[in-house]
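For clarity, chains are labelled A, B, C, D and E in written order, and residue numbers in each chain start from 1.
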Amino acid sequence: MTEGLVVRGLSKRFGGLVVSDGLDFDLPPGARKALIGPNGAGKSTFANLVTGIHAPSSGSIRFDGADISDMDETARVRLGIAKTFQITTLFTGLTVRENLRLAVLERERRGFRLFCRADGDPEVEAEIAALMDQLALEPLADRVVERLAYGQQRLVELAMTLALKPRVLILDEPAAGVPGSETHLITDAIEALPADLAVLIIEHDMELVFRVARSIVVLVAGRILTEGTPAQIASDPQVRELYLGGAHG
Amino acid sequence: MAEPVLELDNVSAGYGPGHVLRGMSLRLEKGGKLAVIGRNGAGKTTLLNTVMGLARLHGGHIRLEGRPIDRLPPWRRNHLGLGLVPQTRDIFPSLTVEENLRAAQHGDARIEEAYMLFPRLKERRKNGGTQLSGGEQQMLAIARTLMTSPKVILLDEPLEGLAPVIREMLMQAFEDLAKDGTRSVILVEQHAAAALAFAGRAVLMANGRIVHDGPAAELAQRSDLIDRHIGVAMTADAPEKGTRHASHA
Amino acid sequence: DEIRVGVVAPFSGPFALYGTQFRQAIEAWQATHGTRAGDHEISFVYKDSGGVNPDLARSLSQELVIRDRVDVLAGYVFTPNALSVAQLATQSETPVVIFNAATSAINAESPFFLRTSYTLPQVSAPLADWAYAQGIRSVVTTVADYGPGIDAETAFSEAFTARGGAVTDTIRMPLSTTDFAPFLQSVRATGPEAVFVFLPGGPPTFAYAKAYAENGLKEAGITFLGTAETEESNLQALGDGALGLHTAYHYSAAHDSDANRAFLAAVEGLGDDAAPVNWASVGAWDGADLIYRMVEAAGADGRAAIEAALGAEWESPRGPVRMDPESRTLVQNVYIREVTRNPQTGLLENAETGIIATVGDLGWKD
Amino acid sequence: MKRALPFILLLAGTAAMYLLMPYNLAFATRILVMGIFVLSIDLVLGFAGIATLGQAAMYGAGAYAAALFAAHAWAEPVAGLAVGAAAGAVVALLSGLVLMRASGLTLIMLTIAVAALLAETANRARDLTGGADGLRVAFGPVLGLWEFDFIGQTGFCYAAAVGACVLGLLALVARSPFGLSLRGLQSSPARMAAIGAPVYPRRVAAYTLGGAIAGIAGALSAQVAGLVSLETFSFTLSAEALVMLILGGTGRLWGALLGTVLFMFAHHYAAAADPFNWLFAIGALVMVVVFVLPGGLLSLPGALKGGRHD
Amino acid sequence: MTLLLNIALDGIAYGMILFLVAVGLSVTMGLMRVVNLAHGGFALMGGALAHWAGADLGLGFWPALACAILGTVALALPLERLVYRRIYGFGELQQVLATIGLTFIVIAAVNRWQGSALLPVPLPETLSRTVDLGFRTLPAHRIAVILCGLGVILGLWLLLDRTRFGIRLRAAVDNRAIASAHGIVTDRIYMATFGLGAALAALGGVLGAELLPVDAYYPLRYMVLFLMVVAVGGMGSVTGSFAAALGLGITETAARYLVPDMATFAFYGIVILVLALRPQGLMGRIA
């Protein structure tokens, strides 16, 4: 069987500050996990370590049995590990459609093709259309991303990552900035993902977390505090005190 | 009825020649708490930017404590008592946490108070502003605005990206700010429920216009309105041609 | 009929002064000699080539020949600019009178090239001879590290060692040098009897001369041997530090002759904004002189004009000159000068202290 | 039809230059050469967002390579162009391996430094390059058929043909997946990496392609002038070309051409009208364009149609 | 030994001149983040004004220097209001274009006013002396330049790192609109800083003139040199520029003593080396 993503003893220090402290973490194919924890606990840092944006101070990251700790970001994306950015990072000068086209073409490794049209492949165009349809982005298709409202950009951000057809998908606060009434677009999109895809979602929106995740990992000060089903986590007194507060019962 | 601190009179505004806001009128009384809700792209951010002087005013008038401010630069408006917590946080990247606060410090605001509100920031005081986690940046953005001792605080989705415990704590803090009757709050929120529970009055926006204005409790009952204006998919009838955002970022 | 002369030179940019001097010398010539040569009316057209820019120089020259129908081309401060018109000159049989560009090899590129300035070996080698004659036996050469600098270095060294002198060190200074103190401190440490220098005109020369004074080389008894470094347009700016600098050159504005006085008077007659007169001015003045001779003899016929020019002799403001038929460069006197302060005007000038007999282009190789 | 319009305009423009300025073909040819050079900067800077003030490094390399090839191997110009392109590409590739990790001002300085080093090297290699005196080379007839004449007809037609080929090539590239990915690189390298695009190799590739085109421009200039000088490496050349590009509008091929034509004509006529003070005119032109049309001349139609674009 | 001393002495003196001529750019471009290719233009204004005050008005060196600095600031402030205020909002390329255009105009104006010859400012008696240091002599003006450079770096450090002005300036540069929304009077801060940059440019132009003589084409001739110092030092760091100027000065001086004909290679080589290894410059802040 394939083992998916396996993280062992992962640590990251920024100067004197230990942000990840010996993390052990598994994300097998088909997983739907959530990573929650107080602000500054190290969740985004963990995502950045897994996707290769940061280099770990120590520890190992394996994917399907191969050690990927030394791979750069691009190589990991090509293996199928993709993430959305917590702070929207898009091709601001291009239209929504061009953003997605670029992602699909790169996934297909066509980025070096010089002598054909970028918009010339009907299959690619159809895929882009389907993606936009899924996230209700069609009306914005030909608008320059820079001029979209923040919440709209968040949805493009998600679409971009889906366009990569990843095998491991890490979502860093995908719903931040998206109104509650439209988070269903995000949950729907996640539910529509292939069953063998592994998903890790980092979110402070507990409704969304409880709806999507089958298992929740709680990170506090760079260490894993506990891991459990949504029900277990929701009733864990320590988690309630440190993170959830009174509202979630 | 209490005297108004902020009045908008038939305001139209946008970022280039295009109009995002069309004929908005609004009153906020002293010590009032106003919630602004609406779906993505409705123009909520633009409303706050217009009040602060960061968007381009095409028509109408804005008065602060009876005094017209529509021709004043943002810093004058700030000195007169307006404070904005921007949706995109916009931490000054080349300043440390403490310098971010010092830059904005005016009047009798004390940095220690901000640290009391957000102890996390004190721990990170020497960090570069953009090295903070997403939630920490949000805290810094709020603290930074409080450093300018505002009378009217414009909060653009201030809870986004914060842990549930912190949200509760913050909602309480906003509550306290408005309590003594000298400070007023405008809160833009995606999560209608939270916003309506906090505010006294609420405004529902769609397509750059106000579609409902009244007591928050009343709007909370009008699920028909909320469904119609928040719960449907997006359309793109916002202006096609705009120019660069007013910010010089 | 009308004969037109196209002048290609820098009228803008760091070297704009040369263009100005060219134009003023030509205007002064026309003011004193009229606009007719024989049966022909002569007029001049000016084109700005900026700095070293052979593409531009060539296309301007081409435009002059083809559209403005000029019969003679003139000007050209920089070697590459002059070289770029060789093919054009040969193919269109247009005589080109070079007012400056001083690399020997240029004239070999086209039989239609004539030169009324000088060549680097022409002044460097006589300077070496003179230095040896003064009893100087050891010299350090300091030249800008580019073609002309190295040509000058070679000419000087060959002449000096041929006499029996010793060149104890050769320093080549990058063209972009702004601070010459290290080089001059090195020279001082070597302790020669003289230092030979060659630099392009303008800021480097100015900075070098300053550094020579400030680093105490003069006190240490190291004689300054230069060529164009003390030319008139920047001489006053050098101040007292320049006093006593020795140079060998073909022209000094202080040259004592009627022809020179007439020349100076003609330029001054142009009015207030007359630029200082120096080698560039005299190159253009003699160039105009030569062009008039050619036109008078041959009109618009390029080949005949060249024939007429070869071997021509006249009294120039710099002294007697002759157009050498072989190298097509002037054979002329080279003078040894020393910077002194003129008691009457209070200004610095290049006082001529000796003449090295008439010399031709010593660098000419066929 | 709409796609073809600019090409037709360009063809008409070139033909008009030939017919209206038969006496100024040398000038017209310089515009063409410069146009190709500016296009190379547009590819690198306008598309890929690689800031450079040292594109002359590749231009000069192409020019010297073509001249040396003609002097020592084969004087046929088209072969010389290929050699020039190769030289430009090699210089860009080698320097790009170091440079393409940097960005912003640092990158600009590095490009300047590379060009300066090459200039100094060419200056020192006097025996080969003629140093500051320049290198004069006679080129043979184009394809063995057309001799360069002093009126410049051959030169002009030859340059126009080369220019058309380069433009066609770039128009293809601009619409290709590669072209799109360059715009992505400019917009957000972080996102490029996150969609699995190899940022650094892609930048090196773009720089190399731009270098090849700059090399072609340099080779062409050497061939029509019959002379190469150290100035082909100069900072002024890079800077002037950059000004032309921004004047026209970056990121679109027509902008590069428009800017070149405008600047060269403005320079030519201002310098002819007043050789002493034309810098005023150029300075004023540049300021007016940048203040009135920050997006360059190419944004003019949009600006006229209503609503300023940016 | 003497050689080492010579290298150190000449290197520091040369480096300090580099610092003085580039520090104004370090302020306008490094701190204010406007690609100010017109820096040399302001230095030229200073040089031309000093020449005019010295040669045409017959003022002494010090009054002429004061006249140059005040005159340049007096020209710079209206320019800031009318031109630069709009340039700040432009993209980098537009800034390049606008400031090059401005440079052309300054050059053309000075050319028309004073011609294209050198514009020297005669040094006063006190500065044109040479001072005997035992093992060699050093011109007094170089000592003055060294002292002046030290004063400038100290003053700027105090101003930018120790005062709220410095913090607010950096905030305004990071995000003008947001800074303004937080009560920072961005216009005034920009104007003051730009004036400071222009004053330093003028000071550098006049004091550096012994090595980098001023003429109408000064801005273009030395543009790359200024940029190199700021880039190697790191954007946004005045102390970085100081270190870079001294480092480059000493390196190049050493090369001039030891391998004279390789000095150009040494200069650009060290620039490439530093920037390839530290793309943000010696002390650049990460943007």
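Here, a contact is a pair of C-beta atoms (placed from the backbone, for glycine too) under 8 Å apart; a residue touches a chain by one contact, two chains touch by 3 or more.
No experiment lies behind these values; they were computed from the predicted model shown.
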Centroid-based (C-alpha) most distant chain relative to subunit B: C
Chain located farthest away, centre of subunit E as origin (C-alpha): A
Length of the line joining the C-alpha centres of subunit B and subunit E, rounded to whole Å: 43
Centre distance in Å when subunit D and subunit E are each reduced to the mean of their C-alpha atoms: 31
Geometric centre distance via CA averages, subunit C-subunit A, whole Å: 73
Rounded Å distance between subunit A and subunit B, as computed from the means of their C-alpha atoms: 28
Junction residues of subunit D, two or more chains touched: 120, 124, 236, 276-277, 279
For subunit C, residues that touch 2 or more chains besides their own: 12, 16, 20, 145, 174-175
Interface hub residues of subunit A, defined as touching at least two other chains: none
Residues of subunit D touching subunit C in the complex: 23-27, 29-30, 33, 120, 123-124, 126, 130-134, 136, 138, 149-152, 221, 225-227, 229-231, 236, 271-272, 275-279
Parts of subunit D lying in touch with subunit E, wherever the complex brings them together: 45, 51, 98-99, 101-106, 108-110, 112-114, 116-117, 120, 124, 235-236, 239, 242-243, 246-247, 250, 276-277, 279-280, 282-287, 289-291, 294
Of all residues in subunit C, those that touch subunit E in their complex: 12-14, 16-17, 20, 145, 171-179, 181-183, 185-186, 189, 202-203, 206-207, 210, 214-216, 233-234, 237, 239, 275-276
Parts of subunit C lying in touch with subunit D, wherever the complex brings them together: 11-12, 16, 19-20, 46-48, 51-56, 58-59, 62-63, 65-67, 79-80, 83-84, 86-88, 91-92, 103, 105, 109, 145-148, 150, 174-175
Complex interface listing, subunit B residues touching subunit A: 15, 39-41, 45, 87-88, 120, 124, 131-136, 138-139, 157, 160-169, 190-193, 226, 230-231, 233-236, 238, 240, 242, 245
